[in-house]
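Structure record follows, encoded as structure tokens.
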Amino acid sequence: MADVVTVESGPLPDAVIDAALPRVTAVLGQTALPRERLDRAPHLKAILNVEGNFFPNIDYTHCFARGIRIACVSPVFAQPVAEYALALTLDLVRGITVGDRAMREGREQYGWRGNVGYSSLFGADVGIIGFGNIARALMPLLAPFRCRVRAFDPWLPAASLREFGAEATDLEAVLTLSRVVIVLAAPTAQNRQFIGATELACLRDGCKLIVLSRADVVDFEALNAEMRRGRIEVATDVFPEEPLPLKDPLRGMTGVLLSSHRAGGLDAALKAIGEMAIDDLSLILRGLPPVRMQSAQPETVAMQRSKPGLMAK
Amino acid sequence: MADVVTVESGPLPDAVIDAALPRVTAVLGQTALPRERLDRAPHLKAILNVEGNFFPNIDYTHCFARGIRIACVSPVFAQPVAEYALALTLDLVRGITVGDRAMREGREQYGWRGNVGYSSLFGADVGIIGFGNIARALMPLLAPFRCRVRAFDPWLPAASLREFGAEATDLEAVLTLSRVVIVLAAPTAQNRQFIGATELACLRDGCKLIVLSRADVVDFEALNAEMRRGRIEVATDVFPEEPLPLKDPLRGMTGVLLSSHRAGGLDAALKAIGEMAIDDLSLILRGLPPVRMQSAQPETVAMQRSKPGLMAK
Amino acid sequence: MADVVTVESGPLPDAVIDAALPRVTAVLGQTALPRERLDRAPHLKAILNVEGNFFPNIDYTHCFARGIRIACVSPVFAQPVAEYALALTLDLVRGITVGDRAMREGREQYGWRGNVGYSSLFGADVGIIGFGNIARALMPLLAPFRCRVRAFDPWLPAASLREFGAEATDLEAVLTLSRVVIVLAAPTAQNRQFIGATELACLRDGCKLIVLSRADVVDFEALNAEMRRGRIEVATDVFPEEPLPLKDPLRGMTGVLLSSHRAGGLDAALKAIGEMAIDDLSLILRGLPPVRMQSAQPETVAMQRSKPGLMAK
Amino acid sequence: MADVVTVESGPLPDAVIDAALPRVTAVLGQTALPRERLDRAPHLKAILNVEGNFFPNIDYTHCFARGIRIACVSPVFAQPVAEYALALTLDLVRGITVGDRAMREGREQYGWRGNVGYSSLFGADVGIIGFGNIARALMPLLAPFRCRVRAFDPWLPAASLREFGAEATDLEAVLTLSRVVIVLAAPTAQNRQFIGATELACLRDGCKLIVLSRADVVDFEALNAEMRRGRIEVATDVFPEEPLPLKDPLRGMTGVLLSSHRAGGLDAALKAIGEMAIDDLSLILRGLPPVRMQSAQPETVAMQRSKPGLMAK
């Protein structure tokens, strides 16, 4: 049995929060919880953020010292985003959207001739940048294609990647040896625009680049310049500014597949968020650790610097 | 050691064929071999058709009686076509090409709003019509999505489908219960346009229909009519007439993903055809049965009614 | 609708056969069908042998010329035998039966000490000799162990093995490079005792050898001699003489795991045989090729030289 | 660069520990760390226990408050123990060790007759009790057998089991519906001997029971009584007293497969422990969270009540 304090829409009003703090056990959502609020919540055991990222509106250090669990629902997005990564990858590798456009413009080629510049994902060299939840959900989808997967993730030892069937390499090897490069890195304090002009110049001619993480790990100005050279093809689900300005040159460019931040935001994920939070809340109330949501780690929570995304709106 | 008779391009001239018949062991290609030619080829052991289908230019009955092996390279196309089937499926399910078109036209929605009408392949009900080489190559690609796959194939017992992880059902169950229907049936003497107005009307609202077999198993006039109702979305790699006439209404229709008979014709497949034929020819010359190409079966070869496709040109 | 001619037990009496020949469509079982009987069966379309092997009591050449299908149920044994192969392999690799025997004799060691000489199948070099139905059913069982599998099969090109995840090598490479060698070769006119003293001497110290095919591909005298050296451990499900004579030294030898020809003969297989034969008979009566049983191939049927095994009794 | 303080064998002497505390960053091993020692180790960031369990010789509460990481190497044992679980399961299901014993005693049956009472793991109903690291490593090994796996784990929601392909049920359903029951539960303060006479009486006739966790989750007296009834077959790697007393009746019982606590203790695991600890120590020294070892959880560390096992000696 639990009392639930909620409001119909929008954030909880301060007065409601203040009234609830003395007896609250768990907070669901993205309520700001600075030290002064935490001090008034002596029974607080868990903060369950029903978004995919951790935001800087909580005094994490104090929570860790007090043993308050903080967790977010990022695992819920792993499968839909991995599926989307495969969809974009197959689209670029086989030339699906460009083929459709060619037919609509009456300039298509048939059979072998229509496949010039396109190939198969079977046995391809695939590079992954950032090997978190999404990459782990992507590996089983890639498995039947028997790709050689190289991955770069500075937070993980080689054995952790090997366990999932990927080879750990440095960033340069991923960029220079892959026919397909999939960017899945989460944004941190260290990696802003770390894929810039130099990195893009490393890509092989004909490389297919898929960008699914938040836009600010990629230097989009450099990406635009590289695309104009026509050496690579790109699919991107994220943009430095969303909505993408109507006059942005990307909107008219060939060689790019455009997607409006749709990788994770499916109805099924929304439903799964609720189930995931309830499952973990039940465990926490029974004195057990949460297992479905992703717990904030003291070492990394401060490095993450997401702001609420469009997905959440 | 073998003498090889070949020409630089085009079919072998009759005179060359006639001269070679008395001592030929194996024929590679699509040379016509009626009874009178076979009678002059006493040493003939194998006819290896380096295309994906059997054509009516061979006296099959006589070959079977004499123990002459006839085989084609259709297995070489199984993986690329299965990959293409998955690419088209993911495109329709997640709305990839329509999303790109929306962005180019400046009318995209972001996040959850952009995904209205689209969902995930994970756990979806998938229907397959025709469970031959391609479907068998598709099942492992679908496996990580944990779909429930129903399949209809009148030439196969339920256990043969179960072995690959599919449930055998009748055509109606495939059509009415699936969110995604993939048509992979090979054309036979019996199945011309067997997917017509009645069958299409069975499809669920919002069903995604993918057509990859030869066009004549589907009644395209009925398909056009059904698509205009806007109930279903369709991807098709084949058309009753190829090239598709420039004025065909399909070229301007929303809700359809167009592909110009590109599912199988990859460079890698071309290379694999040669290896496959050489592998099997080596076995045959050693007195062993071919194992990589698909041997013609006395019962079915007469039912197949392909004509050389654009892919072969 | 079909008339079925059968007897309660034992082979059909000649008189019954003679009476049935003029109108028989299909023969199930192992009835002898020499040319003179075939000549009196003008409507015969199929001979479905409900055993795992082809026997020399049929005029195969004549059947092929007439287009009579001959098939056996060997595929039904693939999964149970592959499972048994994995069971014997894990037993030898981890030392299960020897460990039990040690405990019964009160001389066991605990923990690390008890595992001296034993290791893990994960990542092991595995060799397979004979890559037919059983090996193909074994590969998925081995897959999660991420073994490197080398295989020798003189009837198959390298690409056919690669398709199942194995590397084609010569026999010597299989013998010298593997920590586990699994013998699955079917007996043919060419391979009697082809695993003899020389081949066994090639095995690495500590190699685990599993014998599951018919005994006569292995020189058991040489095997006995090699085992007495104590260099290798062996599991065998077959013996040159079955039942194995009570005084055979194998019965008392350490380093051998003994099994009384039990790999395939499960109740579930017996049931599956019936279903398989009915499925294929139904197809044949509809004018379609059988798909579940294994059709006799003109090139190889003569090379096979099984005699009815104990399994069939 | 790090100073390493170690001794050739045995635990670190108190004097060595006391001298090191003021500047120690990480402790590897099982050194006791009560509050007074922790207070003298202001720079301590991590305690990496190179055993598979957490012991009560650390002030965990104080470590959590200070943000000191505590982790153990239990994941290293997941694969070898899962492999052993499969080996024991296949042994009981197919009757491997009993078959070998029968041949050594000259009373074996051949073929079908030898398999009475034995069957196949393919498609079997399998029950798992305790769904931690080992069960997760076991699921991929079971996957190709297409078993229906029911699992009971009171610490996990149904979705966590479903993710790995198992159905969450209560204990009774696991016990009454499975043909094979595998006990993998870790010992906790709550579950001592929770598999007792009542639970064992629930098992189906012919059930195969595999015990791999620590012995004290099972009431061995009740197990002995149940085995004497001859209704079930059992394999066990653990015993209430190890070494098992020489006169223990289990040593002579048919229907039991005995193993001397050998499931995890392989050389390869020992090597992996070192690599795992070094990998995580490197991450911790770089300010990142460990990813390979299992971090102690505040909620559960107090419930675990292992004592150093024989494996560690």
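Worth a mention:
Per-chain numbering from 1; labels A, B, C and D assigned in written order.
As a working rule, contacts are C-beta pairs under 8 Å (C-beta built on N, C-alpha and C of every residue); 3 or more make two chains touch, one makes a residue touch a chain.
Nothing here was measured: the structure is a model prediction, and the numbers come from that model.
Between the contact lists of subunit B and subunit C, the overlap is empty. Between the Cα centres of subunit B and subunit D there is a gap of 50 Å.
Annotation: 36 Å between the Cα-based centres of subunit A and subunit B. With chains as nodes and touching pairs as edges, the resulting graph is a single ring in which every chain has exactly two contacts.
Residues 79-80, 83-84, 86-88, 90-91, 94-97, 99-100, 102-104, 106, 108-112, 114-115, 118-122, 140-141, 143-145, 242-244, 246, 251-252, 257-262, 265-268, 270, 309-313 of subunit D touch subunit C in their complex. Those residues of subunit A whose C-beta lies close enough to touch subunit D in the complex are 64-67, 155-157, 159-160, 275-276, 279-280, 282-284, 287-289, 291-292, 297-300.
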